[in-house]
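All chains are identified by letter, namely A, B, C and D, in their written order; residue positions are counted from 1 within each chain.
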Amino acid sequence: MNDTIKIQELDQVVIRFSGDSGDGMQLTGLQFTGASAVHGNDVVTLPDFPAEIRAPAGTISGISGFQVQFGSKKVNTPGDFPDVLVAMNPAGLLANIKDLKRDGFAIIDRDTFTAANIKKAGYAEEVDPLSPEASLHKKIIAAPITSQTMAALSDFEMDKKSKERCKNFFTLGILFWLYDLSPQYTTDWLKVKFGKKPILAEANIKTMTEGMLYAQNSGFFQSQYRVNSAPTVPGTYRSLTGNEAAGIGLVAAAHLAGLKLFLGSYPITPATTILEEVAKHKNHDVKAIQMEDEIAGICSSIGAAWAGDLAVTTTSGPGVALKGEAMGLAVITEIPLVIVNVQRGGPSTGLPTKTEQSDLLQAMYGRNGESPMPVIAAKSPADCFWQAIEACRLALKYMTPVMLLTDGYLGNGSESFRIPDESELPKLTHTMVSDPEGYFPYNRDPETLARGWVKPGTPGMRNRIGGLEKDALTGAVSHDPDNHDTMVRTRQKKIDNIANDIPDLEVLQSKDGNEVLVIGWGSTYGSIRNRVAKYQKQGKPVSHAHFTHISPFPKNTLEVLRKYKKLVVAEMNLGQLSKLLAAEFPVEVIPLTKIQGRPFTEEEIELVVDTLL
Amino acid sequence: MNAESKYKKQDFVPDGAVKWCAGCGDFSILAQTQKVLAATGRSPDEFAFISGIGCSSRFPYYVNSYGYHTIHGRALAIATGTKIANPELSVWVAMGDGDGLAIGGNHFLHAVRRNLDMVVILMDNQIYGLTKGQFSPTSIRGQKTKTAPTGTMEDPIDPVALTLGLNGTFVARTTDRSMKQMSEILMRAYEHKGFSMVQILQNCPIFNDGAHDLATAKATRDDHTLVLEHGQKMIFGKDKDKAIVRDGFKPKVVNVADVNEAEILVHDEKDSGLGHFLAQMQGSDYPIPLGVFIERTAPTIDQEYRTSNDAEIERLGKGTLNNLLHQGETWKV
Amino acid sequence: MNDTIKIQELDQVVIRFSGDSGDGMQLTGLQFTGASAVHGNDVVTLPDFPAEIRAPAGTISGISGFQVQFGSKKVNTPGDFPDVLVAMNPAGLLANIKDLKRDGFAIIDRDTFTAANIKKAGYAEEVDPLSPEASLHKKIIAAPITSQTMAALSDFEMDKKSKERCKNFFTLGILFWLYDLSPQYTTDWLKVKFGKKPILAEANIKTMTEGMLYAQNSGFFQSQYRVNSAPTVPGTYRSLTGNEAAGIGLVAAAHLAGLKLFLGSYPITPATTILEEVAKHKNHDVKAIQMEDEIAGICSSIGAAWAGDLAVTTTSGPGVALKGEAMGLAVITEIPLVIVNVQRGGPSTGLPTKTEQSDLLQAMYGRNGESPMPVIAAKSPADCFWQAIEACRLALKYMTPVMLLTDGYLGNGSESFRIPDESELPKLTHTMVSDPEGYFPYNRDPETLARGWVKPGTPGMRNRIGGLEKDALTGAVSHDPDNHDTMVRTRQKKIDNIANDIPDLEVLQSKDGNEVLVIGWGSTYGSIRNRVAKYQKQGKPVSHAHFTHISPFPKNTLEVLRKYKKLVVAEMNLGQLSKLLAAEFPVEVIPLTKIQGRPFTEEEIELVVDTLL
Amino acid sequence: MNAESKYKKQDFVPDGAVKWCAGCGDFSILAQTQKVLAATGRSPDEFAFISGIGCSSRFPYYVNSYGYHTIHGRALAIATGTKIANPELSVWVAMGDGDGLAIGGNHFLHAVRRNLDMVVILMDNQIYGLTKGQFSPTSIRGQKTKTAPTGTMEDPIDPVALTLGLNGTFVARTTDRSMKQMSEILMRAYEHKGFSMVQILQNCPIFNDGAHDLATAKATRDDHTLVLEHGQKMIFGKDKDKAIVRDGFKPKVVNVADVNEAEILVHDEKDSGLGHFLAQMQGSDYPIPLGVFIERTAPTIDQEYRTSNDAEIERLGKGTLNNLLHQGETWKV
């Protein structure tokens, strides 16, 4: 033990892991995250997948990344720039070194920095990646990770490849030591994971332990760090990605409504993992069906909703574009349906593995005719759970399709999720009727304007509905002009009325005045919240309002907007919420837009807000 | 068939006018369907009729049961959800040749291979009726329509051959004029556990009048159709003078007089090889086979879902909200 | 000849024909229109098809209607309410009598008013449809049309059914006499039409002549009317429906650009007749392809555009909903493509045979990602010709998909079209390149920002493009964040810049002040123009501005909007243009909306505008 | 095949890295394709490669010709426009089993029956590669994937049987390891005037490793595949000891020793009846047939459009702007 090593306390730390698709960076990141979360830190993560499955090893396009921020208070985002960069090869270093904080450091696997690899990564000829110029004068810790791993496992009866595969646990060991985290979480995990191949569990544990020792003894580090546990609400926690949270939220919603969940879907990045999550829960009698295409996905869900299931379809932008016609059918036949769009970079195939918020207007208007539906958006990975339930609540109560927007950043990112007590969950009501007395298919509840839901098979309630305009009461096909006018306006009114049934728009209010309100929606929540909180600490008159419900807007929206001198709308598109606000409210907004496949940094928000102060 | 059904055809006739053109072949298909429904002995409440868009797709409005008139081409995808959500329902899909095989082709393909347990009535008038007379995927090559003023340039799809190529489990063809055969086939389709594809040659007197005359007109039908009956020899013609024999791997029409009786093929609905073989009878060299090409049993996907969910419930216990929320790695703070 | 009959001059007349689908009302209407147009009147027509092909004869749902307005000056619309109602059966009378002007009259076929028919039409029991109460005290001329037709043809060797079918020509004869029109037009037409069956030509001519005599001698009419010819621009005219005009416009555009026309489509009401029109012109080497569905329709066009054809796809609202994903591909690969949406009543299948303008926001935003494209709208049947050419002009010059909006009212309605001289037509340019020197797929023209178009097969220009985001110059797949931001903004800028290349927004300016500006787009042109012209005649400060270009808006839009105290936006939806204007310009607008499957009447415009004066 | 082609494989290799995983079967398919392209003797400028989305759909980026990487499932619809617009181009479509048969199923169906003149390379790895391992329409029943944790419940589509059910004109199957057969088939597909469907069994080492081992591994392939060669007897097996005979309307595997030699079937690519018959060889009772099932000539729709337009031009004269505008009834004012 090196006695000169001290422990330094930190509020939060950002680590970025970077290596080939095969290097296990996602796994390493998740293990670190788990250990940190169990330690009590608040954690938020974000993986960054390459566009190709396994693009050529060693090249920049093959880089798989994972970033985690952990802190002793709410961190809200995976962080803008890393304090620590872990690069398992030259490409990982080259791709990320510019993002590393000036006072941060990189840990690299020295053994991979061969001439061939350096060239493959794309360094100019004769450049030494570790030279101060190439590393932009940032600190680099060049650890012989591969060779140390091999050495650690010299006694193990395993082939070379299998041994090499343990090297990420060496790295993990270094980090555990560095941040004074217990390896217990990972040790337990390995034992379960390799229950049937104990030698692999042992090998990885050994490597990890060696990594910890190496960190301690190598002399590279003058101090250890500690990030104290965050003062979170007591309870049981688990770590969830947004897509897992959404999937679990949907299954939970079915329980809450006393219905069966039906998910008709088609794989598409970055939404597929919701389908995969739901498919795991067959013992909840969910039916998660991979259909032949997106249209069949939504249509099977419509058929299931008509039959009385809580029906959902999940997809990403291009899939939504395909589902527009069918959504219209759900609108006119007024059946409950949730459409989840995990947005990605567009237009067209665009940047499938990058995040974006550019499907908002499509969500609002991507259907023929006057075809209104509620649109809501989740603001963090864990919030995907809550908004999945909220989407189901609205769909069932109002007999309407509902669009839930998340995005790749939320869907793949993870955070600690406090498992709620059942009592904290909303009760979901639905409009199922079975009494033939006075029943007409388009009889509406006078308050919600929802029509009754009848399961085919219910005795005595036979009826026929369809996509043609229908009589306002009987639901029979009607070509009457006035009836059509009435129906179009009624469908709109039903959605508008939902404003009475949703939470007010909340503001993180500055005590120092109403100069600037930064407005966001969806996944920009964390970055905006962090930056605005800083402004408020600095005594600046900057507040933050964040929309979860966009169609309809909360009732108090205009009241809130009117209070501030300047309204900045920050979104990852060319200003879509800005357009909606300007169209609906007599206010002027300043769009702050970014379309780079990744969230705002605090700096980018400053750049605009500072000029308004 | 339930001989003492307590329902009558009339129980399946809803209020409201049927709005097809006078003389439309869809009328007789509707009437036979209603009769068969009554004969099943099941309550009208237990049927779900689903359709897309087209003249034929108005069908659900005209059957007094649960009905969903959806969007063009998507009936089978919607019915997939309905059937899997509630396997107890007797699900019927009514479709036109355009609805089912043009825009709806992909769902057709996948519904067949999934062997969804439902009856599909394909009303094949070889034309788009509702949009006033454009060619459809079953229109014969060279047919002149408003969108093919010099004649179509495509070979038609033979729905029977297509369904067989996808290993369909119940494949049949009849006509809007073959009342008895139609109702027998519909009843068997209802009874079949699996995807029952019933192609019905249907006349559209407005836009494609007489397209099926060879198969339906009194003067021609005996010489131009081959009625397939299980266990029966394939003999046809007004004078029962023509027969089908095997010529290599193809069927061939011969005069009964010219062949050894043993050479004449005998129909066997259970022989899927024979079904594929007969599906080659397309075009003017052959009579049009009517009847059941194939019936065989195979797992249906709606039941497979049911069974596999039950197995998972058995294996893991019935999922509760609580164990949903708490599964996986958790920690306490 | 009855000498007491005088001829009275009228400015304009509206006639509505109404009968069973089988009664030939469309034909009768078109013949009357032709004769009137040849006489020199300005004519605008509108058919009203039943939703079913041949709904049960004699019922209201089986009624087929056709309305024509003809005048001695520009009439602009088919008219709100008929002066003359022709009803071939009781259902036709019942369905339309309430629309007949107070001082108008109905001509009915007395022979069809049997008890059975009256009941089938839906009259309450024991009601006499011809009684003053039932006919709302309007004048009814009960002519024995069927029996007179049979009598006229007693010498003809034809079966009864064929004779009966001539009866609409008897009606036509009555109207020709009544409006002092020459039957020559119809006589000529019959001779050509029945060239191979001269007996049918003769029978119809005979019947028509008898109808004229009957009108003269029956004593029903105290006077004849004459609508003088309108002072139109001299030239050669023909009558075109909007869909025919669009189809011919597209073929003309191919000539003007020196390209081949490719139309990949799928039938859908009310757009199908464009496909049918284009298919007639195979000798112009157009390829009009009926594909298997809407997606294949647009995709085949994209493939043809990539191959160097002028490519178009035509459809209606639900079809547009299906094409959204493919449009995105055209946006990101920047290929020229025209999408024509002949709008109909929505949402979903909605009211397929009725008109509506509710797909504007879908046109703007019905695609995933930031996916801008020009949107333009035709304002009259003949204007469909001009806007089809304009859409092609923009698509080819700017290498972009363009959405052209028309609607059922324009598509099925007709008006006189002055055939332009070739010199009046625009030259269409395109960006085709074939010089490999310095070529890159995303090299842009510095002014239009359009990239070069390369036909596969061109020697030495091989390149590969696709739906993933691409490098701003080379077009190679690029996952670079900054490049994506640049490309998204460049695509938007390219479309925004088109504002410099389109006509200013024009105003029919009141001399009496800037109190109210009535704003419209597309097919509401005629009704707004007529009513505003009346206001101006009355000395009221009401003006009219009508948008043809909506994305981008004309450069002078804000300047125009700012001039008026009140802005009324009249549209057949729930206020979609209102939303776009409010989102883009700092102005307040008053939406005037109607969603009844038919255009505004002048009265409906008054109802709002009067309150603002 | 042009023996003295002036092009080399290298002429069809563009700059830029190929980004498939190491060991992916797509590499060998690409290499054989490039060789065949060079051997055709046509300039790289005259090819158009079109694809949808998937690992396999990256293909056009890796061929130095004209390429269009479009959207998921739509390659054939896009290629239809390209080929009809310019029949001179040699159009090739690269697709995966998901791209071509799941979302793209409808376009597949209609492209086959239209007999578009193009080469379709179906890279069949029985899995969705790009989206990381969900089942595809060709995945075998029971296969466990992330979206079918207890195994799929659907019968796979057999692309050969499907294409035959649609009367395809050139239908073939090979594997990513059968270099010689693959390149021969690709050359014949290129030369065939019409829709050439080439299914290539392709290994995805990442998500479905070994799915085709029976057909490709040295140890098993001889006993589990039947190589179809025109005019040759259908004999297979490491020891050439097994053969295919006819058992009623179905094929049957027998030991050569057990049958009369004359009973052993002889392959005939021109016999579409035989092709249909062989398409029944699905599942574990049969070897996997590799080779050309059928080749026959039939009108291609791209040529039919060309011909009918030419006929109309002949009949009516070449349309001019002037006669376009002035046709129909006109009047002067």
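Please note the rule applied: a contact is a pair of C-beta atoms (placed from the backbone, for glycine too) under 8 Å apart; a residue touches a chain by one contact, two chains touch by 3 or more.
Please read these numbers as outputs of a predicted model, since none were measured by experiment.
Just to note, of B-C and C-D, the chains joined by more C-beta pairs in contact are C-D.
Greatest Cα centroid separation from chain B: this falls to A. Taking each chain's centre as the mean of its C-alpha atoms, chain B lies 29 Å from chain D. In whole angstrom, the spacing between the mean C-alpha positions of chain B and chain C is 39.
Taking each chain's centre as the mean of its C-alpha atoms, chain C lies 45 Å from chain D. Centroids of chain A and chain C (each the mean of its C-alpha atoms) stand 47 Å apart. Multi-chain contact residues of chain C, defined as those touching 2 or more other chains: 61, 282, 292-293, 318, 325, 328-329, 333, 348-349, 466-468, 477. Contact of a single residue of chain D with at least two other chains is seen at positions 53, 71, 102-103, 105-106, 109-110, 137, 150, 305, 308, 312. Every residue of chain B that touches chain C in the complex is listed here, in rising order: 17-22, 53, 55, 71-73, 102-103, 105, 128-132, 134-135, 137, 146-150, 206.
Against chain C, the residues of chain D that register as touching in their complex are 14, 16, 43-50, 53, 60-61, 64-71, 74, 77-86, 88-89, 106-107, 109-110, 305, 308-309, 312-313, 315-322, 324-326, 328-333. Contact residues on chain C toward chain B in their complex (touch as defined above): 52-57, 59, 61, 266-269, 272, 275-276, 279-280, 282, 288, 290, 292-294, 318, 348-349. Put simply, chain D touches chain B in their complex at residues 102-106, 109-110, 113-115, 137, 150-151, 153-157, 161-162, 164-167, 248-250, 271-274, 276-277, 279-280, 282, 298-299, 301, 304-305, 308, 311-312. Contact residues of chain C toward chain A in the complex are 51, 61, 316-318, 320-322, 324-325, 328-329, 331-333, 345-354, 356, 358-359, 361-362, 364-371, 466-469, 477, 479, 481-482, 484-485, 488-489, 491-492, 573-574, 579-580, 582-584, 586, 588, 594-598.
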